[in-house]
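Chains here go by letter, A, B, C, D, E and F, matching the order in which they are written, and residues are numbered from 1 within each.
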Amino acid sequence: MGNSRFDLGLERLASIDGEAGYKVIESLQDICPDLAKFTIEYPFGDIYSRPGLDLKSREIATVAALTALGHCRPQLKVHLNAALNAGCSEEQVKEVLLQMSVYTGFPAALNGMFALKEVLLERQVE
Amino acid sequence: MGNSRFDLGLERLASIDGEAGYKVIESLQDICPDLAKFTIEYPFGDIYSRPGLDLKSREIATVAALTALGHCRPQLKVHLNAALNAGCSEEQVKEVLLQMSVYTGFPAALNGMFALKEVLLERQVE
Amino acid sequence: MGNSRFDLGLERLASIDGEAGYKVIESLQDICPDLAKFTIEYPFGDIYSRPGLDLKSREIATVAALTALGHCRPQLKVHLNAALNAGCSEEQVKEVLLQMSVYTGFPAALNGMFALKEVLLERQVE
Amino acid sequence: MGNSRFDLGLERLASIDGEAGYKVIESLQDICPDLAKFTIEYPFGDIYSRPGLDLKSREIATVAALTALGHCRPQLKVHLNAALNAGCSEEQVKEVLLQMSVYTGFPAALNGMFALKEVLLERQVE
Amino acid sequence: MGNSRFDLGLERLASIDGEAGYKVIESLQDICPDLAKFTIEYPFGDIYSRPGLDLKSREIATVAALTALGHCRPQLKVHLNAALNAGCSEEQVKEVLLQMSVYTGFPAALNGMFALKEVLLERQVE
Amino acid sequence: MGNSRFDLGLERLASIDGEAGYKVIESLQDICPDLAKFTIEYPFGDIYSRPGLDLKSREIATVAALTALGHCRPQLKVHLNAALNAGCSEEQVKEVLLQMSVYTGFPAALNGMFALKEVLLERQVE
C-alpha cells in the first residue's frame, strides 16, 4: 500500500495548481526532495483535500494571506492562477486584492494587482 | 444632500460588524473622529459596499489577511464574528484558520484559533 | 459638480509623486481602474491633502513605514523621490534610513539605502 | 576617559525618552545588562545623537516604523511620548497615525491611535 | 497498526515542550482537534523527529524565527523553555536574542528578552 | 589608538562573510559610508565578536530570522554562505529551512530553499 497522503496530495496539487505546481515540486528535487514531499503531503494531502470549505473560498483565503505577507510573489502568482482555475471570476479576484488595501495598505494591494496583471497576460499567451 | 459614502458606510458597518463596529467608532470620537469617519467611508462605504464579491467571501479574505498579519487581534475577533454573521459556518471559519498554518505558520494559525475560541464563547454568553 | 476628492487627489498626486505617480495610475487602467480611483481619492485626496502636518514630515513617515514593511520596493522608491521633491535634503533622507537600522534591523536599512542609491542615480540621469 | 558613546547615549536617552527610557534600561539589568548597554550606545549614542535630522522628524519616523511593524506596542508608546516631548503637537502625531492607514492598513492605524489615546491619558494623570 | 507520525510526534512534543506543549494540545480539543492532530503530526512527527540537526540548534532557529515574527509571544515562551530544556545555557539563549537586534531591530530583541525574563522567573517558581 | 570596535568588526566581517561582506561595505561608500561603519561596528564588532555562542549557532539563528522576515533575500544569501563557511553542513542548513515551514509557512521556507539552491550553485562555480 502506498503513502495515501502523498498520493492524495499529488492529485490535489495537480488539479489545483496544474503545471505551476509541478514545476515547484520538480525544482526542489535536486536541492531538498523532502521539502517537495512535505509540500505535497501537508498543504495538499492534509489541508486542501479536506471537506468543509470549497476550493474557491480556500483560494480566496490564500490570495488574501499571501498579499498580506507581501514577500511571496511567486506563490501569490501560483494562487492567483489557482483561484481562477477554481472558478473565481477575474472580478472576484480583483475584489479580494482591492479589499486588501484596507487591511494591509495600498502598496501591498497594488503589488498584488500588478501580479494579477502578469498572471492574466500569461494565461492569454498560453 | 448628505455624504453618501459615510451614510452607506455606516449602514454597512452596522450590518457587518454590529455592536463591535459601533464600539470601535465610538472609542475614536475623543481621540481622532476623522479616523472614525475615514474607517466608515473607505473600508465600509467604498469597499464592503461593492458588488462583485459576496460578503462571506469578503470575510474569509479578511480573516485570512488578519491571521497572516498576526498583530491585529482585536480586528481579527471583530471579523471572526463578522464571518459568522455573514453566514459562514463555524466549520468554514475553522478551515480558513487551519489553512493559514500552511501560509503563515502554525503559531499564527494557533493564535487565530484561540481568538475564535474566545469569540464563540462570547457569542454563547450573549 | 465633479468629484472633488478625485480632483484634489489627482492634483496632490501630481505635485507629490510627479511622473512616477501618473505611471502607477496609468498601469492600473487596464487591470483595475477602480484601484487607481481609490488610490487617488483616499491616500491623496483625503490624507495627503490634510493640513496639520507638512509634506516633508509626511514623506519621512512614509519612507520609514515602507522601509519597515520591507516588501514594497517600488513604492519606497516613489516616496524616496517624493521626500526629495518635498524639500528633504539627501542627508535627511539618509538619516531616516540609517535610523531604521534600530527599529527594523540592518538588512531592511541596507535595502532602503540601496534603493536610495538607485533613486539618486536615476535623478542624475534625468 | 569614559566610554563616550555610552555617556552620550545615556544623556540622549534621558532627554528623549525620560522616565520611560530609564525603566526599560533598569528592567534589563537583572536579565541582560549588555542589551541595556547596547541599547544606550547604538540607538542613542550613535544614531539619535547625530546631526542632520531634527529630533521631531526622527520621532515621526520612529512612530511610523513602529506602527508599521505592529508588534511593538510598548516601544510605540514610549516613542509617542517622545514625539510629544520633542515638540510634535498632538495633531501632528495623529496625522502620522492617520497616514499609516494608507501604508500599513486600517487595523495597524487604529491600534496606533488607541495607543496614543492611552499615552495622552497617562500624561494627563501625571 | 497506529498512526506512527502522530505517535512519534506526541513523544517528541512531550520530550521537547513538556507540560506547556500538552496544554496547547489540550486547549485545542474543544475548538479544533484536527489542528491539535496536525500540530503533533507535522511539526513534531515530521520535522522535529528528523536527524540531521541537533535539538539545541533546532530550538535556536525557532527562537530566532519567533523573535523575528514578533507577534507570537506564547509560542516564543514555549520555545525559550524548550531551548533551555534541550541543553542551551541561559547565556546562549540571551546571545540569540541579543543578536536579533541586528536583524529584526531593538524593539523585537527587547520584547524577546523580556519574554525570557518571564520564562526564567516561572522556571524558578516551579 | 584606533577604533577597536571597527577593527575587530572588520576582521569578523572578513572571516564570516568574506568577499560578499566586503562588497556590501564597498557599495555603501558612495551613498552612506556611516552605514558601512555602523554595520561593521555594531553587528560585527559588538555582536558577532562576543563569546557565549559559537559561530555555527549564530548563523543558524540568522538564517532562521532572515527566512522569517522574508524580504531580505540578498542578506539571506550572504548568511547561507556564512553558515556553510562556519562549518554547517549542507544538510544542517536545509534542516533549518525545512523547519521554517512550521513557523513562517511553506512559501517562506520554499523561497529560502531556492536561495540556498542559488548559493550552492554559485559556490560550485567559484
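Keep this in mind: contacts are C-beta pairs under 8 Å (C-beta built on N, C-alpha and C of every residue); 3 or more make two chains touch, one makes a residue touch a chain.
By chain, with names taken from UniProt: A, B, C, D, E, F = Carboxymuconolactone decarboxylase family protein.
This structure is a prediction, so every number in the text was calculated from the model and none was measured.
Peer 1: Show which chains lie in contact with subunit B and also with subunit F.
Peer 2: In this structure, the chains that contact subunit F and also subunit B are A, C, D, E.
Peer 1: Rotating subunit A so that its CA atoms sit on those of subunit F: what angle is that, to a multiple of 5 degrees?
Peer 2: 120
Peer 1: Return the chain whose centre of C-alpha atoms lies at maximal distance from the corresponding centre of subunit F.
Peer 2: Between subunit F and every other chain, the largest centroid distance is to B.
Peer 1: Would you kindly say which chain has the C-alpha centre located farthest from the C-alpha centre of subunit D?
Peer 2: It is A whose centre lies farthest from that of subunit D.
Peer 1: If you average the CA atoms of subunit B and of subunit C, how far apart do the two points sit, in angstrom?
Peer 2: That pair's centroid distance is 28 Å.
Peer 1: If you average the Cα atoms of subunit D and of subunit E to get two centres, how far apart are those centres in Å?
Peer 2: 30
Peer 1: Two or more other chains touching the same residue: where does that happen in subunit E?
Peer 2: In subunit E, 38, 42-43, 66, 69-72, 75, 94, 98, 101-107 touch at least two other chains.
Peer 1: For the complex, which residues does subunit B have touching subunit D?
Peer 2: 24, 27-28, 30-32, 34-35, 38-39, 42-43, 66, 69-72, 74-75
Peer 1: Please give the residue numbers of subunit A that touch subunit D in the complex, ascending.
Peer 2: 101-107
Peer 1: Touching residues of subunit E toward subunit F in the complex: what are they?
Peer 2: Going through subunit E, the ones touching subunit F are 42-43, 47-48, 50, 52-53, 56-58, 60-69, 72, 75, 91-92, 94-96, 98-104.
Peer 1: Taking the complex as given, what residues does subunit D use to touch subunit B?
Peer 2: Interface residues on the subunit D side: 69-71, 94, 97-98, 101, 105-111, 113-114, 116-117, 120.
Peer 1: Where on subunit D is subunit F touching in the complex?
Peer 2: 38, 42, 46
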